[in-house]
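The structures come next, written out as structure tokens.
In the two complexes that follow, chain A is the common piece, with chain B as its partner first and chain C second.
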Partner chain A sequence: MKRFTYDRPQLEGGAFSLLEQPEASVIAGGTELLNWMRLGIAEPDHLVDIARLPGWGEIALDGETLRIGALATLNKVGEHPLVDAHARALGEACLLAASAQLRNRATIGGNVLQRTRCVYFRAEAPLTWGCNKRQPGSGCAAIAGHSDDAAIFGWSESCAATHPSDPLVALACLDAEAELHSASGVRRLPVCDLHLSQVEAEAEGEDGATAENRLERGELIAAYLIPLRPASRSTYLKVRDRQSFAYSRVTAAASVELEDGVIGALRIALGSVAQRPWRLGRAEQALVGERLEEASLLAAIERDMEEARTLPGSDYKRRLARNAAIRAVMAAGA
Partner chain B sequence: MSRDTQIREQPKTHEVRIRVNGEERVTEVEARTSLLDWLREAIGLTGTKKGCNEGACGSCTVLVDGRRMNACMILVVQCEGSAVTTVEGLAGPDGELHPVQRAFSACDAYQCGYCTPGQLISAVACIEEGHTGSEEEVREWMSGNLCRCSAYPQITAAVMMAAEELGR
Partner chain C sequence: MSSADARTAVGSARTRIEGPLKLTGAARYSMDNLPPGTLYAVLVGATVASGSVVTIDVAEAKAVAGVVSVLTGEDLPPLGPVLEFPGAPVKKPMEGDQIHFEGQAVAIVLAETLEAAEEARPLVSVAYAAEPVVLPGAGERQFLGAPDGDGTVWWPYGQPFARGDSAAALESAPVRFAASYVQPSRHHNPIETSGTLASWDGDRLTLWDSIQASMLLPPMFASVFGIDPADVHVIAPFTGGGFGCKGFWMHQLLAVAAAKAVGRPVKLHLRRGDQYNATGFQPLMTQRVELGADAEGHLQVYRHRVANITGMVETYLEAATEVKALYECPVIDTAQEIERVTVGMPSPMRCPNEGPGLWALESAINELAHEVGIDPLELRLRNYAEKDPLTGRPWSSKKLREAYAEGAELFGWHGRPRGGRRDGNWLIGTGMASAVGGTMRMPGTARVRLRSDGSVLIETDVQDIGTGLQTLLTQIAADEIGVPIDNIDVAWGDSALPTTGPIYGSSTMHTGSAVALACRELRRELAALSSLADPIEAVRAAGVEEVVGERTSQLPGGVEVDHDGGSTGFSMRTFGASFVEVAVDPMLGLVRLRRAVGSYSVGRIINPKTARSQMLGSFAWGWGKATMEASELDPTTARWLSKDLAGVHIPVNADIPGDITINFVDEYDHHASPIGAKGIGEFGSVGIDAAVAEAVFDAVGVRIRELPITPKRLLDALA
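So, the complex of A and B:
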């Protein structure tokens, strides 16, 4: 690992000025960043440790929202009674992520900024194959090679990587907003709009492989704000190769409001199918007023799946994702 | 300003106060030194093992301020003022084994033993957290500790046995 300097500001303002140095990076838990630094994915000259910013790890109700501080660890979020009561899918997603000891360190702020698990991306520099995310213009080994982790929505010829986070999918399903702090103030962004698919990045004139989110330089995620919906129930389903301590193949978060067996409101987000959480907007609208039954779910969700474009290795995800979505909705409404 | 100049302008090492197995230490480290490398190479506590160096195996598990964490994923500079417990700190001052260590021995919960220090620390935390309600729960909450020899049934049995002895 290359040498770097280290600072631990006591207050938020100190962090912003330290982050103005060129090649500076925030470190929270470090469970993702340190691996990037070992592989040569990131080589910051300065680390700004935000892990002890006072109050940034708190979880509390604030009027009609549940506020989750960015420094809350995945275990803290996963075992918190307020999360269980108001955002069950998020608690479940956190406890299904990583391992018990990683979750004691991994923060929910850093979690949504983890990068793809694409095997061609996660290798030690120098790479001897193309990866546009690591080296713009070098090509994409995954599209022509092992594509079983590849995206089925929103990817382009430049990159077919997915986002691997579990909590992110639950936050997207729950219509959470991210509260972003920077030297110039505070803004809110729906978690659904935080990340970019490759197609979206290109449509905005950015590089499809390397533009991954809408955070500005020097901007920090301070918290997530989840609207309280007492009539809704949510759950999270993770499908993976081994039952514990593994990244997902496909995940689904669902939040359902039922009135006498009829769907009053519905939200479904898929994970590991795109570089951002993928909401099933058509099904969410079409199913309002329908009874909660597998047959009607299947027909509606199929319509969203028509948009999927698969590679030879990722074709299985189409069915897996559809079935995961149906199971998650049924479980949330059960 | 070139990168070299920047590096020369910064202090090369940081002074960190850290308590290890009850002993207060003041150490000078480079910012990039991991807790795992420091424990093993700077202060000679080689009980904590390096398997993957990327958070994936659990053989480096230690307690930091009472909670289990992967020492390979922590920088020493992040530990200012913290208390760390390694496998060397489990036994009593007179050398009496910790109940978890006794249970591992009684259940034969290892073959080569490489993963064992991490398993022991993780088991101590797992019991303390109250995640020993069933074998299934133990397996889930111990899944961050891989065992290449696949002694999992015995490890699970040992954690259950120790939990019972410790009244959990």
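So, the complex of A and C:
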């Protein structure tokens, strides 16, 4: 166990200055950072506990927007009546995540910054296999090894990890924005653009395995802003081997606006298929004006699945993702 | 309470006497102890799975504040012979430089605090000369013959058996069926990981250990350290789950050796990840079953081949062919192989032998029933073994026919809707399987004291691993002596008490029987002192402080262990059947358990409440084995991919429906034990996998022959 300092600033400004220390790390619920420290994934010298920042855990309507503070726990979001009324897929995703005990600690801000559950990445140090996320340049043992949980979209030869968050997929489906605070001010970023697939990272000149999101150093997620869409209904589907306390094989969030059985607007996001939530853009466009029927969904979603690239272990995920997407859209429109 | 009431204690549903201690946190587990001066130990494991240690540099680790010592093999005291125990390793730890599996201990860090020990662990610098790993499928295969063959295999199970000409019989059988069945490696994963706290006082050794067989340790450490077994004191009242992995393992020896080396108490509490290498696992195995039958489904020939992985130097045979006594069949041909790969030693786990064996045999029987075109239960009844088909001996007791009938009735088997009924997105299917279990008997010893104040104390060195054994002992004593059960207390978990058998196999049989025999002796002693009928009045009238009975439940011929009836002239086994209804979502590859019935012929049930709990818990394990549980090796490094409970799933409450009925056939096995009972262990897990696979087939028409039945396997099969 490495020694570290611990501070709990009471104000945002204090947090930003503490985060300027070298090797400083943010902690809120702590459910993920402690795993990293135990496994040797992170060895921070300074912990900055933001759990007491005033107002950062509130959930409220702000005009045509539902604002969810980053320090709201998953259980608080999942059980909140405003979330149920305006962002049902998000509430469902929160309550399908982790276990009750973890949901009472884990915050929705930190949840989207958890890292992949790839078993090669999650192993205890010293690693005896290559993992470009853990040790850049060491290779990716998962691609040559156990690839059942590998990404099928947007991965590169450097890394085939997926992002495991449930709420992230729902936020992406709901067109949420992340409100990012830093010492230099506030900016907004669509949640869909918050994370990078390995291919995107490399296209931007970053390291495909370690550049996982577009947060700047010293920048914190303060809140999510979800546009209200009274005519839409959303739902979240999580496919997993056991019925609780398990990461997904595949997830799908869908938001549907129906007029007389005809699709007026549609948003579909898949989870656990890439290092970022994966929107099915072709199907979303092609299905507007179509009737909500499994056959037409299948044909449209297949066009998005053409982009999938699978490994020997992950081939089943192509079908599973397609079927999950169909099932989620049908359920949202039911 | 009158003595007439007391005689109904056995067979009544009693709540566990140690329950409040556990619920309130007052139960003291081995690793809750901390004698003054104790050092914390952590193991440094090899980072290669094959090769040798070239150098170990401990300087940097030793420099960490709080670190007292870093021991390598050279620093250990000389070690005497390691005794050979069932399913336990024999190769001395940290002896020589060869590495046979990833995580093999190469050094021990000892520190004043656990934090210091953990900080220093990665600083122990070890250089290896790595050699190629050996993975399943590429290992050397070895046929295991008679147990005395090369002297390495003592295991009395899995030896080849052949009666008749199986090749000819298969050739001529009107109906033939053959298939291979695979199950993955799985780890025991008790919630409390193994741990040993060792303290020397001169040549006297005190151990606090998380163990389910404390009687193993005094002879072992007497041999290894050249001391008197009577000077080894083992304190182990509570063990947080065992499932077969808490017998003797090398971490125990290392803790004791380290304590001797540094002259201070040493506490070595394995972490979850350590336990993946250090305390065994159920090995990956492949089984091929070939059946021949006549057109009505009467078996003519049964051939069974099994291969399981084991370590490069440690041998464990998973005796899946020990299911061959389940059906009447004229021609039987079974044999097993091991395959040596670079992993640690496998070990018995949660119904070894029959658990794996029936996955294959009962799956094949279900598939044969489909080929013949008759109900799977009817096929089983047509092949019912009225006596032991291997030896011709009568059964000590067998009520499998009743178990089938009662289970089928409770489940509604005969009126069940067939194949692929739809409920929303789900397709519904049903399946069944039989269960058969071996009977391993050992002597047990207990002392019972009846005091003049009417209280009774049972003394015996059992450990509590959560089955409720102590409560059963009070029930037995209440009836045998004729005192109210609330007067009875149990002292357990300390080797100063009478030594008894292990808490695996059939602990109720040996220690429960010993309690019954000790009580009977106590009553004889009492009768000699007083003619009064009421035992409490009698002990008072006799004017003595207490009357004591102490007895050992011996086996015929005075042997230390016997199997499946030994020299009794009877064949002794447990039997049962499971019936399951599952739902399958063919689009998403999901399988869910909807309801189930387990029906068992397992001798007399001492406590229906704890027995039901035991069966329900093991039923849940069976579901886990069928649908989710697997430990996978990285195919390059031979390191376990997930050494935790995040990457290795076992069922959670949400997976297990409330609608599970556990039924025990009314039975008393006079031959098995003086109390009519047999062991039930984790018997509820046996055959669930085969029943689930059949139910999945019934629902969606595909056979999955490799466990677990995951969304991936289902979607691949349905594609």
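Here is the rule we go by: the second predicted complex is superposed on the first by the 334 of 334 C-alpha atoms of A that agree within 3 Å, B and C clash if a C-alpha of one lies under 4 Å from a C-alpha of the other, contacts with A are read in each partner's own complex, and residues count from 1 in each chain.
Convention: a residue touches a chain if its C-beta (ideal position, glycine included) is under 8 Å from a C-beta of that chain, and two chains touch if they have at least 3 such contacts.
Remember, it's a predicted structure, so these values are computed and weren't measured experimentally.
When the shared chain is aligned, chain B comes close enough to touch A:Y6, but chain C does not. Between chain B and chain C, it is C that contacts the larger number of residues in chain A. In the overlay built on the shared chain, the residue A:F245 is in contact with chain B and with chain C. Once the two complexes are overlaid on the shared chain, A:G40 sits against chain C while remaining clear of chain B. Of the two partner chains placed by the overlay, only chain C lies in contact with A:L320; chain B stays clear of it.
By the touch criterion defined above, A:H146 reaches chain C but does not reach chain B. In the superposition on chain A, A:R309 makes contact with neither chain B nor chain C. Look at A:A100: by the touch rule set out above, it reaches chain B but stays clear of chain C. Applying the stated touch rule to the two superposed structures, the overlap between the chain B and chain C interfaces on chain A comprises residues 1-2, 244-245.
Chain contact summary for the complex, chain B toward chain A: residues 3, 6-7, 10, 14, 30-32, 34, 53-55, 58, 61, 67-70, 72-75, 77-78, 80, 122, 125-126, 129, 131, 139-145.
By the touch criterion given at the top, residues 1-2, 40, 117, 119-120, 122-126, 128-129, 141, 144-146, 148, 239, 241-247, 249, 313, 315-316, 319-320, 323-324, 326-327 of chain A touch chain C in their complex.
Within the complex, the chain C residues that touch chain A are 47-48, 102, 115, 118-119, 122, 273, 425, 587-590, 592, 627-628, 632, 634-637, 639, 641-644, 646-647, 649, 651-655, 708, 710-712, 715-716, 719. Residues 1-6, 8, 27, 29-31, 34-35, 37-38, 45, 47, 49, 51, 98-102, 104-105, 244-245 of chain A are the ones touching chain B in the complex.
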